[in-house]
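I have a structure I would like to understand better, so I am pasting it below and will then ask my questions one at a time.
By written order: A, B, C, D, E and F. Residues from 1 in each chain.
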Amino acid sequence: MLEITNAQRAEVLTQALPYIQKYNGKIVVVKYGGNAMINDELKQQVMEDVVLLHLIGVKVVLVHGGGPEMTETLKKIGKESVFCDGLRVTDKETAEVALMVLAGKINKNLVNLLQAKGGKAIGISGIDGHMIDCEMKDEKLGYVGKIKKVDVSPVTDLLEQGYIPVVSTVGCDKKGNVYNINADTAAAHIAGEMKASRLITLTDIAGIMKNKDDADSLIRKVDLNDIEDLIAQGVITGGMIPKVECCIDAIKCGVHKVIILDGRVPHAILIETLTDEGAGTMVVSDLKKNAGF
Amino acid sequence: MLEITNAQRAEVLTQALPYIQKYNGKIVVVKYGGNAMINDELKQQVMEDVVLLHLIGVKVVLVHGGGPEMTETLKKIGKESVFCDGLRVTDKETAEVALMVLAGKINKNLVNLLQAKGGKAIGISGIDGHMIDCEMKDEKLGYVGKIKKVDVSPVTDLLEQGYIPVVSTVGCDKKGNVYNINADTAAAHIAGEMKASRLITLTDIAGIMKNKDDADSLIRKVDLNDIEDLIAQGVITGGMIPKVECCIDAIKCGVHKVIILDGRVPHAILIETLTDEGAGTMVVSDLKKNAGF
Amino acid sequence: MLEITNAQRAEVLTQALPYIQKYNGKIVVVKYGGNAMINDELKQQVMEDVVLLHLIGVKVVLVHGGGPEMTETLKKIGKESVFCDGLRVTDKETAEVALMVLAGKINKNLVNLLQAKGGKAIGISGIDGHMIDCEMKDEKLGYVGKIKKVDVSPVTDLLEQGYIPVVSTVGCDKKGNVYNINADTAAAHIAGEMKASRLITLTDIAGIMKNKDDADSLIRKVDLNDIEDLIAQGVITGGMIPKVECCIDAIKCGVHKVIILDGRVPHAILIETLTDEGAGTMVVSDLKKNAGF
Amino acid sequence: MLEITNAQRAEVLTQALPYIQKYNGKIVVVKYGGNAMINDELKQQVMEDVVLLHLIGVKVVLVHGGGPEMTETLKKIGKESVFCDGLRVTDKETAEVALMVLAGKINKNLVNLLQAKGGKAIGISGIDGHMIDCEMKDEKLGYVGKIKKVDVSPVTDLLEQGYIPVVSTVGCDKKGNVYNINADTAAAHIAGEMKASRLITLTDIAGIMKNKDDADSLIRKVDLNDIEDLIAQGVITGGMIPKVECCIDAIKCGVHKVIILDGRVPHAILIETLTDEGAGTMVVSDLKKNAGF
Amino acid sequence: MLEITNAQRAEVLTQALPYIQKYNGKIVVVKYGGNAMINDELKQQVMEDVVLLHLIGVKVVLVHGGGPEMTETLKKIGKESVFCDGLRVTDKETAEVALMVLAGKINKNLVNLLQAKGGKAIGISGIDGHMIDCEMKDEKLGYVGKIKKVDVSPVTDLLEQGYIPVVSTVGCDKKGNVYNINADTAAAHIAGEMKASRLITLTDIAGIMKNKDDADSLIRKVDLNDIEDLIAQGVITGGMIPKVECCIDAIKCGVHKVIILDGRVPHAILIETLTDEGAGTMVVSDLKKNAGF
Amino acid sequence: MLEITNAQRAEVLTQALPYIQKYNGKIVVVKYGGNAMINDELKQQVMEDVVLLHLIGVKVVLVHGGGPEMTETLKKIGKESVFCDGLRVTDKETAEVALMVLAGKINKNLVNLLQAKGGKAIGISGIDGHMIDCEMKDEKLGYVGKIKKVDVSPVTDLLEQGYIPVVSTVGCDKKGNVYNINADTAAAHIAGEMKASRLITLTDIAGIMKNKDDADSLIRKVDLNDIEDLIAQGVITGGMIPKVECCIDAIKCGVHKVIILDGRVPHAILIETLTDEGAGTMVVSDLKKNAGF
């Protein structure tokens, strides 16, 4: 398909050299979701990207949710989903389905796929090692978790032993209750706690756009302090608002840069990290503008 | 409930001293199943036993299946179970339910319970780190796995970092297929590969009995070489035969002793390990009779 | 003697679980003396308690003196003991007897007893590794040591390699002189220097009592700041005063809690640490009241 | 120059994935010489290739000689080169020039170039750590070294600390004499002693060719046992014979495969290692044909 | 006293260079006894020698007995010494005196002296870590120990942490009995178990002499196989026989060379190890004659 | 030559004990140059001194320049040296000669000599590991380096693995240019960056002298603050001024003491470090006067 000579391949590889050096030994948290999780070809490419980053010495952590599959499974078992303020009301049975779908099916399938690409992965959840400690966000919503504390040692322990950690976003409390948690929030907390160099959030849009119908209006880089204005101006709207708020939290917790990345683009992660092409929108903090990588 | 003075408690603790010393630093694989997994009080006690062993320096690994819950979930989603030679025919969808129930629901619930008792646990499956490599046992049965190779490094890596590994018995192959595997077989393979000191199999019977209606006829200790005779004599029958065959395999692979333990007895694991009372039936190899612990 | 079923034993063990977790990895210095050192049955029990704590992951250090045996040996060799202000005047010959009795006979006998219970112990003195650096307290008293500096590295080195350190309380100076030192003081210094979680002082009384003839008047917990009042009120008197002053010093140096424990009670150490029963009197600092363990 | 989109770049990178995995953690010794050492553009590319291999987890060792520059320097200082049987007669002064040119100028320039590409390199010679122990090959030739023993610990020590070792091929004896050694021989000895996965020898020809004037007659793979025939048949001739003999020695010492690689091809090393295209001639041992990597 | 210029001092130091290199990292066990233990000046010199060896990287272990002081202390407490076949009959009380004198007084005094010379020492006995396991040699003799097994891990643990181990030769059995053991035998067992490079035995004679009244008849080096002849010829007689038998045992267990050294010579240890002068008699094994150091 | 008995040798060795202890584990940087680098006997002695210090546990780093040999080689190749303000104008070709002479010939010869004395050395330059980062001091002078930053990790890495690092004083910049740097300055920077205990500078004078024609007027110890006065008074003049300024820089960067040592005295380094005789002039800082070693 790609008619490139081996000489050209070698040249491409050496042109990636400065990028490989830049990311070597750095922590990159990838929040995996949306189309890139549904379309099988895109999924394969994300797996390749993650394994490649891991091999060139990046400490990649893959964090995933799985909304659509949960809905589907709940339907299968004849459990009707009730929503309140746009959030799924989560009773004990629903929380258990979250465990089954997120920590069971999706998590292990991702581990399997990464390993088919040659990676060595271990899938865990926010329950393992009591990693994500939660409480109820709102009693009306049941077991929808608000994160109280994240202890990333299970993730760093796995990285240290050479595994790619794959994290499903369910949490727990001291009494042993299970909570469903928003994957964007969880990824932001984990990246923040790890002081990651990058949090890459795969979404189904090109990034933050001045005019959402004009692909050319993509904002390549936005400062933390300008985001409030963008919301006020109606540039950032709807479901993008909570996503962007997670980015802000992550940066405030110590993540260097957050990328809202178009998961519909093949190998978007590699293009973002190993080429000179910025993909999606990068959120940075004013204070860190000059802080290099 | 238990009217015991603290002076007596102290005495009980010091009487456990030689047993604690004997097990310190040793590997004990617990195959968890049956009644002890269903009855909530027994479940709590198994968790306490495992956490206590872990705390006194035993390297405990908890291996679990989950047959009854799988049947229940399959029923819920309206999938009829087909059996062939007593084994569930496992198509892709059933294998996925195995992932959900075993690697998702049961695995994380066990992790949660261990942690509620103060342990630090991480739950994995045979897919993580490509730990249990499988192939089809019989094409008719679909994704019922025959174990080809076990790589216990994910388990030993977790033990090394101070976690209690909880292993759900699903496996995979190089192509990324998921297999349901018999939990007794998986536990025997893991224990064998780790050269465990003990494989403790929790069951719903008192052990191997000369006369199954007479509790007093329990055989306390049986040699590997005498088991064939016991089968021929009809002492070991039915579902006990494959269980006992797993014990034999484990011992041949290097496990020192295997205990078929009555999971219906409260704290059976502690009684077996930390008191002078042998519980259940111990299977040993002739060659190792004098090999001490 | 103790008619307890194995089921009850298992229950006792699991009830100790939270206490075992609480003490796991913590440093506990036991000052061993008094009746518990003379009565053979009590001695055996202290050894069992220390070995058990060691096995469940507590870093136990056993510190001992040996006043009565010194007197006896001095008598045997026909050396009369001269006292001055209640302290034994210690000439060179007496200091050498201290070496023989404390660092030789008692120290090695304790090591021997701990090992008979399954522990792995090494006995050292304040001279080894120049651990306890002394000067004369008062020229009139001769080689009665006032501690100038404690370097606990020999103790931590032994703990790190898995031994139970047994420390006899003789010290030295740079010129090579040998000093006899008060065991309570030495234990307090060692515990303080190690920032121990607990200093447990075995004595021959029930603890600090409001009315020393009324066992029920035992003060379970006393704050550092209230001790002066208790001395002023005559509640703490006589030989108890210097003991309590050592406790104060230890807490000021960083020990979390000090327990004055009745060594005449069988397994007093285990009762104190692994049951809900407070034994003896606990001395705490106001500032640490809420500091948890 | 290369009109390739970033999407294509990403695809090229992921296509390199299986090769990267294959070489990860392996030892590759590169014998650097010939045109690739003279032509500046080729030199830059070799440096890029080495740094890239290092970054993707290959343990690369760069071994170099420097014949032409030696001749030039000798000429500059007015020292005439005398040859005997095609080898330069090496008196003390000539040996010192070898030190200056090889261990000084060329070695440090290579370190400098690797570092300009982002690598972290340390340049040593066979004298450092008494790595290459020599004796005279032939008295007539003076200080032309015959290798008696190679101690690769300086190289492995540097690899362990994350440096790219650059080795200049001068040796020494116990009396402190300095020897000039053939770079092919030295590289073969070092690779053999390290049990390297690959020894890559950069030369100025396409490889072993059936007909040296016909590029299409290149022999892609040749077995150790067939080489003698090829020499007898006049296929391998002249300066190629000693080169090939070094390959044989290396394989006999434990190197898995030796590649005679055309250093005139840009990025020949990357093409050989990270693409499906075999470049040059691979020498393997019959015994290892099926031994995988 | 010694009129040597600093220039000469420097020369002496550099002349010691090859000897320092030879002993660097090697294990040397010094059996300390006889005159060198009684004469105060010689004692100081032995301490200096041991500390110097330790500082230049030798792993020195000091093993001591203390016969004369034991006799003296027994006399002091009015206990009459009974001998049987030349060995002291050792009842429980005598064994306890051994503890006091050897493990208490002498051991700690040696530690003190080494530390006064700048060493960092820890004194232990054969009881610590259950290092020397004994049984009765002969019931008539009481607690005179015959060594059953030596576990040198306490000694190697202390060496590893940078201490000079000082070992007093009392042993124990599993029941907690204390045994007095011959120091030569103990030193030979320890050196053998450690595969020491040297066992140096300090005695009160010049070495093995052909004619014991003629200092010039000293045998500098003797082979294991020739010793029997020397005993038959009456060259080795009396108390020298058991000493030499210990040497033989040590060499058979793996000690490279044993030196019977004249402890009456100032700094005999340094002269033996760091100069070209052989002091005393070296016992070697034929098989090892050519085995270098 | 030296008529000293072995008994005296032993005494000399033990008298060095306190000095050996003082220097054990400390960092000593030796700036090697002048006569001691030209006279062969003195050279051998410096090598012995360095190897001996290394063996007794000192972390010695040997830093060298090589002015006279550079001039000689430049002359040989017919390159005329141009000087400007007393500094050699260094064009590209001259910088390359610096590489050849310093990093090639001299560096490897020193490594060779140290190894002939039994040391294990590795020679590196300021280019290796990009250790000495430079820029031009003055455009007129060409590649005469002004040190911008020193990264001593190559030196500490080598020390950690037991090698004696030998450093030739050429530097580099990010573009790959090579710089010739003043050896005194480089040694001061390296010692300062390492917070060395001692910087020993070998020179051809006795030290700082009040009257340079009167050997007895040597100033044994001088404070940092008094040096300016000494320059003003004309006591420190000419080439001594930049040397002394390097000393000041080193001390300001954290070196404890700097010694200007007479390299013409045999074994001057050992006399300075291991005897009571101060050799040369010691420069100290007022603030550190009481800071002990």
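By definition in this document, contacts are C-beta pairs under 8 Å (C-beta built on N, C-alpha and C of every residue); 3 or more make two chains touch, one makes a residue touch a chain.
Bear in mind that the values here come from a model prediction, so they are computed numbers and not experimental data.
Separation of chain A from chain E in touch steps, taking the shortest path, is 3.
The chain pair from A-B, A-D or E-F that repeats the C-E interface, sharing more than half of its contact pairs by residue number, is A-B. Between the CA-based centres of chain D and chain E the separation comes to 55 Å, rounded to the whole angstrom.
Centroids of chain D and chain F (each the mean of its C-alpha atoms) stand 36 Å apart. In chain F, no residue reaches two or more other chains under the touch definition.
If touching chains are joined by edges, the resulting network of the protein chains shown is one closed cycle, each chain touching exactly two neighbours. Going from chain A to chain D and on round the loop of contacts, you meet the chains as A, D, F, E, C, B.
Note for the complex: chain A touches chain B at residues 73, 76-78, 96, 99-105, 107-109, 111-113, 115-116, 120-125, 127-130, 154, 157, 161, 163, 170, 172, 174-176, 178. Interface residues of chain E, counted against chain F in their complex, comprise 2, 4, 6-18, 20-21, 24, 45, 48-49, 51-52, 55-57, 117-118, 265-267, 270-271, 274-277.
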